[in-house]
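When the chains are written out, they are named A, B, C, D, E and F in that same order, and each has its own residue count from 1.
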């Protein structure tokens, strides 16, 4: 029962360096509730800067509030919803909001910020299977 | 510097019993995040049952999510948004959502559940001034 | 009514996960009471939690645990630590009328 | 790569407010490291927090505190408790590559 | 690709409420994807196992339906909370803390709860 | 109607982030309604006063603008966190725990932070 890298680790996208890993992130807290969302975003940027691949950022539980287009904090540079959208448009990062967690909290397609998509919990598991590492923020 | 009852305590609405007090409630957590919202609702009902007056329930910080009409949990009898709306329609309780806290979190008139109204933080202070007691849930 | 009322302190977090019960107990005035709700009711069934109380300057006049929250956690049949009373929501409201301020930790 | 990697434990809550640092320290395996982020960096500047570490079965191989979070809290100039290193987000990413699983408490 | 060992660590009491269900949903989904799913009840998480026979039966039904078969409960967490004599279904194995630590080290992913 | 004495108890660190501002906003609003506003920094709340001269200056500007004049910092909370030598503006009075307890007992309302 020793740790083994997943079998697909040798197959890598050309843009990533030889030692690059695939990361998946899980965000569990709302942007105004907790620093977790800001920490996850900073980690995401730093991992891309180092040439790692960000397989997916999955938003679950209160984390679904990160995708709420209607959220408008007074200081726009601290608007984490915008900052996540920017990450998606600049770097093509896949930002997925859990459909059932979103439904429970009123997050729908109609109020979804650009760059996010709503999908099933299976997308988290799929990311977990593909990725070399899963890092959770706001546990 | 001793505690004094507010000067208006002798003036009371006819429907309340002689020893009735005026309560204000402050709710700071989202319904799915925390039990605080359910605790506040149970306290609100129990205080009305005993003939006290509920001046206002004020929703602040993450508590603004209690007013999100779009929230749809799988089990409707645990849908706290509906249960708060019911309290407002049955008992005429004033449910106020903080405008600025709501704006930051994407809570607008368009997705406001029945029985809630959006207003300023001054409504919390006003309730605090009128009320004999302020009870905070989710601090 | 010129005499100030004692305060009611409400704690809602598990004593195993958070420091708020301990921090609340350090700030009690003589005559204040303590109400345990939500996950704080876990403290009510744990005798050892209250050992430290002897070192606190002021003991609560009454310590109460919200019975629906005990019930919801399957703890209704458990014996409570010495001196802790059960109270329902009607009792919670009653406590609020006889105390002020109401201090949620 | 057949050898298992050590785990990285991430704690994000203040040791004065929550028990998660203590609970994490009780579950370290030999060779695991500990990263303090967000309010957990308050632990990094407090020597007494680590006194209890001697009673834990396993000490972390490394203890690190996230420097931007220290900075944001005005603690950048404070001396850290003995043996605690500062690390930035690049270092955080590096730690994630050299450890697995990544365990957030 | 071989299955990954994923441990869901359940360490919270009930105040977080419905979130407990959301954590179990993820574990069930992982099992549906044929991963090797482990549930570990530590710290206040063990209190959720004491929440009466009805709640435990509902949890057990979900777990059995999803074929999750590795369910661990830390003995020290039970003892610290006065629950050492808690009667649990056979599917729940009580482990010593050092066994839990060893298991955690064998996981590919750990997801907190 | 005479003014009420309302104490805002600030006991949290920075992770909760913007919420800290939201708590100060309530206090400022209460002052704008001519209530007798007290701010009490206890427990991890004192860490927010150590968050560098810029942050403290910004807080001070808000407080001065709103005429809040009763600001208390608990000495024991500072000492426990190694902040006993923290230099604070004159507006912030460091009080002993028993003085804080006495003040709390004189409030009409206490709002947690």
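In this section, a contact is a pair of C-beta atoms (placed from the backbone, for glycine too) under 8 Å apart; a residue touches a chain by one contact, two chains touch by 3 or more.
Here the structure is a predicted model, which means the values were calculated and not measured.
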{"item": "Chains contacting each of subunit A and subunit B, listed by label", "value": "E, F"}
{"item": "Interface with more contacting C-beta pairs, comparing C-F to B-E", "value": "C-F"}
{"item": "Label of the chain whose CA centroid is most distant from the centroid of subunit E", "value": "F"}
{"item": "Most remote chain, CA-based centroid, reference being subunit C", "value": "A"}
{"item": "Whole-Å separation of chain centres (CA-atom averages), subunit D against subunit F", "value": "30"}
{"item": "Subunit B-subunit D separation of Cα centroids, rounded to whole Å", "value": "40"}
{"item": "Between subunit B and subunit C, centroid-to-centroid distance (C-alpha), Å", "value": "23"}
{"item": "Sequence positions of subunit F contacting 2 or more other chains", "value": "14-15, 18-19, 43, 105-109, 112"}
{"item": "Residues within subunit D bordering two or more other chains", "value": "4, 12, 16-17, 19, 38-39, 100-102, 104-105"}
{"item": "Interface hub residues of subunit B, defined as touching at least two other chains", "value": "2-4, 32-33, 35, 61, 73, 100, 104, 134, 136, 139"}
{"item": "All pairs of touching chains, each written as two labels joined by a dash", "value": "A-B, A-D, A-E, A-F, B-C, B-E, B-F, C-D, C-E, C-F, D-E, D-F"}
{"item": "Subunit D residues within the subunit A interface of the complex", "value": "1-5, 10, 12, 37-39, 68-69, 89-90, 92-94, 96-97, 100-102, 104-105"}
{"item": "Subunit F-facing residues of subunit C, complex", "value": "4, 6-7, 19, 23, 26-29, 32, 57-58, 100-105"}
{"item": "Complex contact set, residues of subunit F against subunit D", "value": "12-15, 43-44, 47, 50-52, 55, 80-82"}
{"item": "Contacting residues of subunit D [partner subunit F, same complex]", "value": "12-14, 16-17, 38-39, 42, 45-47, 72-75"}
{"item": "Contact footprint of subunit A on subunit B as seen in their complex", "value": "30, 32-33, 61-62, 65, 68-74, 100, 103-108, 111"}
